[in-house]
Every structure is written in structure tokens, then in C-alpha cells.
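Let me give you the structure first, and then I'll get to my questions.
Going in written order, the chains are labelled A, B, C and D, and every chain counts its residues from 1.
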Amino acid sequence: MLVIRPLQETDLDDLFRMAGSAGKGLTTLPADRGMLERKISHARDTFSQRCAPEAGLYLFALEDIALRRCVGISGIQARVGLDEVFYNYRLSVTVNASRELGVHVRTPTLHLTNDMTDTTEICSLLLADSHRGGGNGLLLSRCRFMFLDDFRKHFSDKVFAEMRGVSDGGGQSPLWDALGSKFFDMEFAEADRLSGLGNKSFIAELMPKYPIYLPMLPPSARAVIGLVHDNTVPALKMLQAEGFNFNGLVDIFDGGPVVEAFVHNIRTVRDGINRHVLVRHQPVNLQVPVEERVMVSNRSFRDFRVTTIPAQLIGPDTVSLPRNVADALGVESGDPVRLAPLKGSWPSPIHSVRDYHKLDYGPRDFSSRG
Amino acid sequence: MWLVRPAQPGDLNGIRDIAETQGPRLSSTLPRQEENLAAKIRQSGQAFAGQLAAGDAARFLFVLEDLDTGRIRGVSGIDARAGNGQPFYNYRRDALIHASHELGISRRVEVLYPSHALTDQTLLCAFAIDPALKQTDAFELLSRARMMFIAGHRTMFSDRMVVEIQGVQNSSGAVPFWDSLGRHFFDMDFETADRYSGMLSRTFIAELMPSNPIYVTLLSPAAQEALGQPHTLTRATMELLLREGFHAGCYLDIFDAGPVLQARTDALKTIVTSHCRELHAATADQGETCLLATGDGAAFRCTLASVSETLKGEVLVPVKTWQGLECSSGDRVRIASL
Amino acid sequence: MLVIRPLQETDLDDLFRMAGSAGKGLTTLPADRGMLERKISHARDTFSQRCAPEAGLYLFALEDIALRRCVGISGIQARVGLDEVFYNYRLSVTVNASRELGVHVRTPTLHLTNDMTDTTEICSLLLADSHRGGGNGLLLSRCRFMFLDDFRKHFSDKVFAEMRGVSDGGGQSPLWDALGSKFFDMEFAEADRLSGLGNKSFIAELMPKYPIYLPMLPPSARAVIGLVHDNTVPALKMLQAEGFNFNGLVDIFDGGPVVEAFVHNIRTVRDGINRHVLVRHQPVNLQVPVEERVMVSNRSFRDFRVTTIPAQLIGPDTVSLPRNVADALGVESGDPVRLAPLKGSWPSPIHSVRDYHKLDYGPRDFSSRG
Amino acid sequence: MWLVRPAQPGDLNGIRDIAETQGPRLSSTLPRQEENLAAKIRQSGQAFAGQLAAGDAARFLFVLEDLDTGRIRGVSGIDARAGNGQPFYNYRRDALIHASHELGISRRVEVLYPSHALTDQTLLCAFAIDPALKQTDAFELLSRARMMFIAGHRTMFSDRMVVEIQGVQNSSGAVPFWDSLGRHFFDMDFETADRYSGMLSRTFIAELMPSNPIYVTLLSPAAQEALGQPHTLTRATMELLLREGFHAGCYLDIFDAGPVLQARTDALKTIVTSHCRELHAATADQGETCLLATGDGAAFRCTLASVSETLKGEVLVPVKTWQGLECSSGDRVRIASL
């Protein structure tokens, strides 16, 4: 059984191993023991409410109960840009037109902004190679939305994710080569690393401050603005299915897009339903296909736990949990839990058990209406 | 004998013929359409005659006439106020230092700022000469006659002067700076933009020119190299102006990044060294060849003549040159060495 | 009976009278006969598809059938900023921070943008004083969303509206006084009028191009950025109820907000249902309260018509229309029509007659879930 | 007798006492903390001795000593390169013309552009003198001794020089320009910002200063009036510098908008008019009072002395002043008129 729980000190070795094998492109979790130790400590302080809510860093571990190992991590940063400065480019349009001459030109333009300041970011998703597939990535990512939903006052109304932009096999980024490299006297990887360390003075010092007119960049660089790295396409699709949309901002280094959603519009949040626990002692086959599984959370702030169970265990008012699942969640009969689909929306049999007034569909369902 | 005098309506065809022998940049200040050119000559006539309506721009147009044949062989102009009441657009080339103390990095970041700082300064413009005369004294006469006019009408002009020098254009006609910058915003080729810039209203520049500063490092390498560089064909013009006391500063043309030369009016060689004398007849065609100018406003005439000065503050000039200047013995004339 | 239909030449006198009594603040419909004549002609060309789709100006008249008079108008501009240049300020944030000194300052900043270029605008709403109340304003406004819904390919995915900003009784705008007046050598009313005439060269020529840091404006000007004029509060509330949100852009002159929505998220669009007409000859009392009335459209592009009927006329597959309503819409039994609530969402009795798979709720319904 | 010489470690207390009698602006280049001041004196000593590590900034600090009492009565400095290897921040005041041809409107829109253009020019700085000496020749000695040093060590300095003049601060201590602009971004009072600007790293300016140009019309009226205006207390300093050949251009201090004076180094009065002569004894204390300097690097000394020149290119100076200069008969000295 795999369970989501707050990251803790004992996860350091597992985390270090995962970060090391993840390679470049995960600047928020560098393979640096001291840094990881500080992150864990920060997360512990966050869950135990020893740090200010806006400084919170919520890091969740995916634990393989059998192996007693942390095999994945995901995170929520309560607010970005309050300690350091958070930069993006806004992809805007400049129009120059002369009616007299019959000229009308639209010029895509990048404006340096700090507009995500004070907004909640979902970040730091990392899954051990050994545990890829089987919906584990979904669980790691979507468990965060269950947490956001239950503890909204700790977060902004809107949450966002920065998606990794395009770079080639050697780690070269076309946007960096055409733009960043002309202002920063360093390699893309180095800039990315420095930025990840959190002290962004060097950006304020070296970054071009005036808008960048895109026609002045080569086609290779223009082409990647707002595009994600091939490896990030599945993550982007998952977030899009959750209701995240490109918000017009891109990463200042590699041009990767920022996607955002209002918490109340996130599919996992909209699909969430509450039930009371009924601990059953009959054995249950937990190994059902991803489509038939649902996430169940214990709704605890300090010891937030989520695992997956077959959807068929959900009843009209209760959900039946086998003993071992109840133990993993730390719940007993009568305790409230919250449920949401693991993949996509609710499988159809669930409809019948949901409260009528909570039925809803996202925009996607309507596009087929004609 | 060469004579520089104010352009007159009858010079229309002669000026048009000269304009057609020139490269495109000239057209910014010298229209090719007959109607516009006629209007420009008329406006110049009003400026010379001091008959401009309030608010009208004083734009002077001179012609170089071969008195022996009556043919017009060149044209040159002065706009008393660059921009003629509208903004005069340039790029100002400057640099910011982007430095990180912690990382030990320091970088000079060059920026082109849109600038109107030269607006209202006196502008030398519209210079065009029969190519056959490029190596002759007539070339210098046509250019410097303007300084002689300014010296004699100093209050009509500002304390600082500018002149735009044509920028780099390669043999296939491409203008690297335009192709890297202006073309993206104006959506037209260089010749078209250049032609429009001679229009009465420069509203289109305010409408189409990018309003934010431009980072030089993002221009094409060819455009970067062209910044502040004169076209090879303008070398003679530029050298003459540098000798006059003009210097290249940080201002560039917005279309081709050619240099804008600047000078303090009162420090110009012609203005400092020219002086007024009383005209008298020389018995022989001898002495130093000088610029010789006379006449106020529409009566302004400037020519080349052999001149010898006496100790009494008179100049002796062969009588045959008097006729072209329309002056007579005892008149005040202004002379300056070549 | 009041019916929405395309504006036509014969409406000119009525329109001129309404525009004259509307006073300032409606710059898209100045009391200028020649201008109004050109607008009508443009609208006629649009409905008859004699102009390019992106140049379309859809103007709808509200006709009082009994009086044979046009008593209201509303419009949709297919795309803004393609002929002239469309300007807004983007209300952004600039963050300056020094970790070394422990300083972190957020500065609200206005950036000049053309980001609404190529987007559909709803505009030009005007209702005769004699016909205020009774849901006529709702009909004039919301009928546009029924049109947008049925003819989406003619419009952008996102539509917006510019809301009139704050000005005092004398027409003085605090933002204009603090900002615009320092760059434009004219009164606010004059700038607004010139801008409404469509030739916006003077804006390109006189407008400050560099960002405006808000702390440099007086508090009176800062306070009105993104606020609407008191008279516009009802219109804003109506649009918010439709699902429109402030998109961060404000008017360059008076600071009024731009609100926008994706067409597929607009409540009228989401609530729209299709029925077939059943013309009934029994008399029907059409004079029911606003809450019990629904809009019904004939779904015609060239001769789009909408009127209101009691919700009780809607059946599971059909809608019963009295003869005079059917005539006003130009429909006969068997013709398809589209229905949507006039005020708010569907009154509850309608639920039972809607297709199950079309049930949905907007975000607002979920905020009460807890 | 007055002597200007390189600051030495033992001058620490004397310099600190002088610094404390001054207004806040001085502190930008003269730290008040004992430790920082000692470091600054040490760094200056290395600069004078030519012992700077590669990359270290050459920052020279001079003191004015009363040889009769041994007391330090003033201090002045030169930074060989403004910014000392980092950007030197200023605002450049410029104007754009916003004009509508159709509406007949034309408006001059003043803009402050962040600028680093003066980076690496030689900066005169850290001038502080006992207020009692403001009206004496010692004031001129302390200021101009720097130009005498530069004249004797010309290659160590750049071709252009700048000096920042303290801007407007009203009697209650408020700085109108700061209150209208800087305060919003730096979130601190003027004194704090001014103190920080003397720190080793100027990273905080890059971090906190608004990076976009500022429209002057949006500043408070008091701030607009203060642009380029000197503080009343700096009048004597400014007048002396203007006499030296400095002039106010378009650059302003980023904190208080005080003027930044500029000059061509080789055109400064002291540098043009000073000349070297052979020192000989005068029998009497007579002749013109002049600046008299001698010595290379750390041995540099400058004083005021009665000087008479001979036709043989010698200067006769009373022997009592020799001791202060640590020189002897036949040595080369540089003299300049007051």
C-alpha cells in the first residue's frame, strides 16, 4: 500500500537518492543534502504550524508501507515571492497601427512581471523510477488539491504551477541561448541552479528590465515560448484536466508556461465528496485498475494522509475501509474522510451515490453539447 | 562660374533632375513628386522672404547654379528647427551596467533609447549634387554656403546644429539596421518608410515606432555593426562636416542607424572664420579662392571667387563675379577661406 | 410585447433620441446623427454578412411592438483593435526586494497594453428611460450571450466588456486628473469623445508609454483604479452573475475595469436549452414576474429575435408559444428555439424538465458547500 | 601652516571628528563606523602606495592638517573610477516631445532615465572641512589639492571627471525628491538609504531602484523644483568647482536629485594652469600665495605658500614651508595660482 503523508526527517536518504537520479530540471529539489535537510525541516515547521502561514512549504511524501521507504514527493508553497522576488515574463501584445498608411502590426512582447507574487504554487513533484505508473504520479499530484480544498484559508484563491520549458538533450534552452545568455554571463543550468537556491539578487542585477519584442529573437527561441519540455507533457495534461490554464506568463529562463486555476474550479476539489468511515474486517482486493480507484484523505492538517481504494467501497453516507487502510490513514469508524477520483472524473456508478445538489460538470463536458 | 542662391519656382525641373540621381535617403527631405517639390520650393521662398505665417516652419532650400549654362547642378537645405514643429526622432545610444557583486559579473548592456532631444535644433538637410562635381570646389561651396547664410542670419537659427548622415546600406539595397528593427514595426521596406518620413505629418512615426528602449545585443550582428556608421558614399560629405566642426555623438537615425552629427553653431569653422568686408574691384583674377556671400534673405548669393584683402578692410574681387552676386562696389560681403 | 431584433435604418430617430438623453459616458453611441447612421449601416452589413466576420458590429434593437418604437439597443463588436489600436492599462505588481537589507516592497504598476486586441467586446447598451425595469435591461444584455452561443465561430473564445470608471457629477475623473490630464492637453470628456470616434492616433502620440508606478499618483486616483461608476454597478453585478471576472486591465482614461469570460462559461450559455416550438392558440398571460420569465430566441443569424415568455410554457421536448409570440419570433411549430433564464439561473421547477447530463452549477453554488 | 597629505591610520580619530560635523550626504563616501573608516584609510594607503590588488578600486583619501597644532581639520577624496567597479547610478534628465499633428498639440514630457553612463569616470568625493575654515584659503587648498594630485598622476585617472553635489533638503530634514520617489521603492528614510549607499556592495540599488523611466510630471511639485538644485550649504563647494571648469549637465543624484557636475579632466583650471618648477629658497615671505605640491604617491604633499618665480624656471619659496612638504632645494614642485 502506498500512502501520502507529511515529509519527515527520516525521509532524507530516500529523498537525496531520488533527487540525485532526477538530474537537471528540478531546481526546487537539488541533490544537495544540506538544502534537502532545510526543506524537510521547513515542511515539518509548516505542518506543525511553527511558521507563519504565508511562509508555509507543504511537502508530502509517498510512502511504500511494505518497503518503509519514501518513493515520491510533491509540494505546495503557500505563497511565492514574499521572501525573494518571483519573476516571470508576461507574453503580451503590442499593436502599432497607422490608419493613414494602412499599417497594422501586432508584435508579441515579453514584459518582466512579478504578478504571481503572493500566490500559492504547486511544486516539487518527484517519483522514484521504481514506482512509476499505476496512478502513483496522479496520487502524488492530486493529493495536493485535496489538501488545498480542506485548508483553503492557508492558500490563495488561485494556485499555479510552473511547467518546465523546452531544452535539448544537452540541457540547452533555445530561449536562454537567444535571450538570457546575452545578459547573464553563465550557462542556463547555472542560472537555473542559482535561481533555485532562492537568492534571486542576481536576477534583479542582470536581467533586462525593458520589454523584449519577440520579432527580434530568432525563430527557434520564439517557437518555444509557452511550450513545455517533452517530459513535462504528461504533467501539463494532468493539470489541464484538473482545470489549469495557461495564464500568459512564462519562465524568464526557458519560456516554460505558468498554468493556473482557481481552487474552487479544480476538478479534484469540485469532485470531492465527504463520507464517514465504516471499518470492515472482511478482506478487500485493493488491486483494482486505476480507473476504479479513488483517493481517500483523512482531512488532517498536521498528519495529512491519503491513499487509494476501490470506488466500490463508497456508499451513500459512508465508505467501507479495510482495517489496514484505516490504520494507514489513522482513522476509525465514524471519522470523516474525503474522497475524490484518482483519474479523471467520477466513474459513472458513483453518480447514484452523490448528493444531487453536488452534481456538476466542468466546461469540457459542455463543449460537446452543440 | 558657380552660384548658390535660394531655390525659385523655375528651378523645379532642375532640382527634380538632381534628386533623381541620388540614393533614397535624400528623399526624406526632398520630395520627388512634382507637386510636393513645388510646395517645398514655395515654402522655402516664403522662408527666405520672411513671409512665413506664424507657426510655419522655416525651411530653406538652396540651389547650385552653373551661371555659364544656367543649369541647376545641386541643392542643399536648412531646416531652422529640426522636426519643423513636430518631434525630431532619433535613437540615443547609451549603456547600462548590469553587474552582480556577489557573482563577480559585470556587463555593459547597450540600449537604444527613443529620443527627441535634438528637436528644434537647426538641421542641415537635403544635400544633393551632380555626381560629376563631387571632387570639385563646387561641392564645398554648396555645403558651406549654408553656413555662410547662417552666419549672416544668425538669429534665425538655434545655437546647436545637427545633420543626419546616411547609414549603412549594402550593395543589394538592404539596410541591416532596418531589417533587424524597423521592418518588424513599420511593416514596410526601407525605401517606403524613408519616403513617408518626408511627409508633412510624422504621426506615423509616433504610431509605428516601438516606444520601449531597444537592447543592442538583440539586434542582428550586421545591424549592430551598422550602428553609427556612415554609408560609404557619404564619406566626402561627412569629412567636410567634420572639418567644419561637427562631431558624431550618441544619436542615430531611427531608420538606418546612420550617425547624427552635432555642432555648436558658433563654433563652426565657417561661422568663426568668415568675416565681412567692403567689396572693391580687383584688376586681375588673383588671390586666394574663397567663399564670397552677400545679400539678405531672398537676395542671398554665394559664390567662389579669387579674393585679395587690403589693409583697409576691403576685399578685391574680379568684377566678373560681381554680376552673379548682384552687388556693386562698396557693398558689404562675407568671405571665408576654402 | 418587447422583442430583440437586428437594428435597422428606421431606428435612427429613436436611437438619436436615446443617445441624446443618455448624456456623457457612452462614447460608443454619441448623439451624432451621421455617426449613428454609419453604425446602423455597419450593423446591417454585419447581419447580412456583407462585411468580414472580424469587422462585424452586431447591434440589437429592443422593439416595443405595441408602440412600434426602438426603446433600447445593445451590441457586440466581433473583434476590437484590428482597425484602430485598442489600449488598456494592465494593473500589475512590481516587487523590489533586498534580502541583505530586509526590504520587500510591492508597487502596483500600470503597464500600457494592447492585450484585448482581436477579442470580442460586448458594448453599447442603452435603454430608454420609459422602459427601465421589468427585466428589459436583462433582456437587452443577456440576449447577446444567446447570440454568441449560437454563432461562436464569429467570435473569440473570450468576450469582454469595458465598465465605465469613476467620475464625479461634473464628469471629472480622479484618474484622468492625476494622470491623463498631465499628458493630454484636453478635458476628460474631450479625450473620451475623441477616443470614441475611433481614430486613436492621438493616444499613440500623447500617451505615456513607460509604466506608471501607482504610489506616484495621489490617493484619490489610486482609489478608483478598477472601480466602476455608481451608475454602472448594476451592469457590473449582472455581468459578474453571468460569470464575468475582472481580468486585470483597466481603462486608460478613467481606470474603469475590464471584465471578461469564456463564452462557454457564461451562465446564459451554460443554461441554454433547446426546444421545438409548439404554437398554441389558447391565450397565455405573458405578464409574469421577471423571476418566472425566460428568454426565447429564434436562433437566426440574419434576423435574430428574442423575447420573453413564462417559464411554465417549457415542456420536456417542446415549448408552447402563443401565436403572437411565434409571430414576433418568426417561427412556426416544429422550428427549433433556444431558451435561457431571464434573471439568475433556472427557477427550480425547470430542473425536472432538463436533460440530466446538462445539469450544472457555476462556482457560486459551490462556495456554500463548506 | 596648512598641509594636505594622504590620510594615514593615525588620522582615524581626526577624520571621524570632522565627519561628525557634517550633514548626512557626506557619509555616502565617508563611513562613520570606526572599523569601516579604518578600512577605508587602509585602502587609501594602498592606493597611494600603488599596492592595490588587481581589481581593487583606487580610492584616495586626503587630510587637511594644521601643522602648527597637528590637528586634522578636513578631509577630501578621489575615487579613480566612479562606482569602484560597480555601476555608478544616476538619473539622466531628458525630454520626449509628445505631439499630435492632427490636434495641434505639442507637449514636452520630461523623463528621468536610470543611467550608468558616468560609471568609471573619476569622482571627486568625501569632501568635509571644519566649518570654521569655510571662508579661508584652506578650503580651496583642501579641494584643489586633489586636482594637483591628479595633475601629477594623470594616467591614474580618467579623461572625464564628475562630482556629486548634495541636493535639496529642507530645514526639517525632509528631502522632497526622496519623499516623492525613492521612499516608495526603498521603504526607508533618506538617511538610511544614504548610509547604505556607502556600503561595499551596491546590489541593493539594483534590487530596489525602479527600473523604468520616471515621468517628472508625476513627481510632487517640491520634488520637481528640487531637480538639479544644490543644497544651500554646498554653495561654496559648488562655486569653487564651477570656477575649476565643472558644469552641471543632465545627470542627477538618484536619492536627492542634486546635480552631478562634469568636466573634462584636461580642461580643469588647476590642471591647465599648474606647472612644475625647481624649488629654491626665498629670502623673504613674499610673492603670490599659491598651491604648492610635491611628491609621488604616498609622498604627495600640498600646501599654500608665498611663491615668486624667477626667469630661470625656478620658484622661490620660504624655507619654513619646505619642512611640511618634505623636500629640499632643487626638487621639482608643482605650483598653481589660487
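Just a few scattered comments:
By our rule, a residue touches a chain if its C-beta (ideal position, glycine included) is under 8 Å from a C-beta of that chain, and two chains touch if they have at least 3 such contacts.
It should be emphasised that the depicted structure is a prediction, and the values quoted were computed from it without experimental measurement.
Of all chains, C has its CA centroid at the greatest distance from the CA centroid of chain D.
Simply put, of A-D and C-D, more C-beta pairs touch at C-D.
With centres taken as mean Cα positions, chain D sits 55 Å from chain A. Remark: chain A and chain B have CA centroids separated by 63 Å (rounded to whole angstrom).
Remark: chain B and chain D have CA centroids separated by 42 Å (rounded to whole angstrom). Annotation for chain B: residues touching 2 or more other chains are 98-102, 201, 203, 206-207, 212. Shared interface positions of chain C, defined as residues touching 2 or more other chains, are 85, 94, 96-98, 100, 104, 201, 204-205, 210.
Residues of chain C touching chain A in their complex: 81-86, 90, 92-100, 104, 106, 111, 113-115, 117-118, 199, 201, 204, 262, 264-265, 270, 357-361, 363, 365-367, 369.
Considering their complex, residues 98-103, 105, 107, 109, 111, 180-181, 184-188, 196, 201, 203-204, 207-210, 212-215, 217-219 of chain B touch chain A.
Those residues of chain C that touch chain B in the complex are listed here as 85, 201, 204-205, 209-210. Within the complex formed with chain D, the residues of chain B that make contact are 83, 85-88, 92, 94-102, 106, 113-117, 119, 200-203, 206.
Put simply, chain C touches chain D in their complex at residues 94, 96-98, 100-101, 103-105, 107, 179, 182-186, 194, 201-202, 205-208, 210-213, 215-217.
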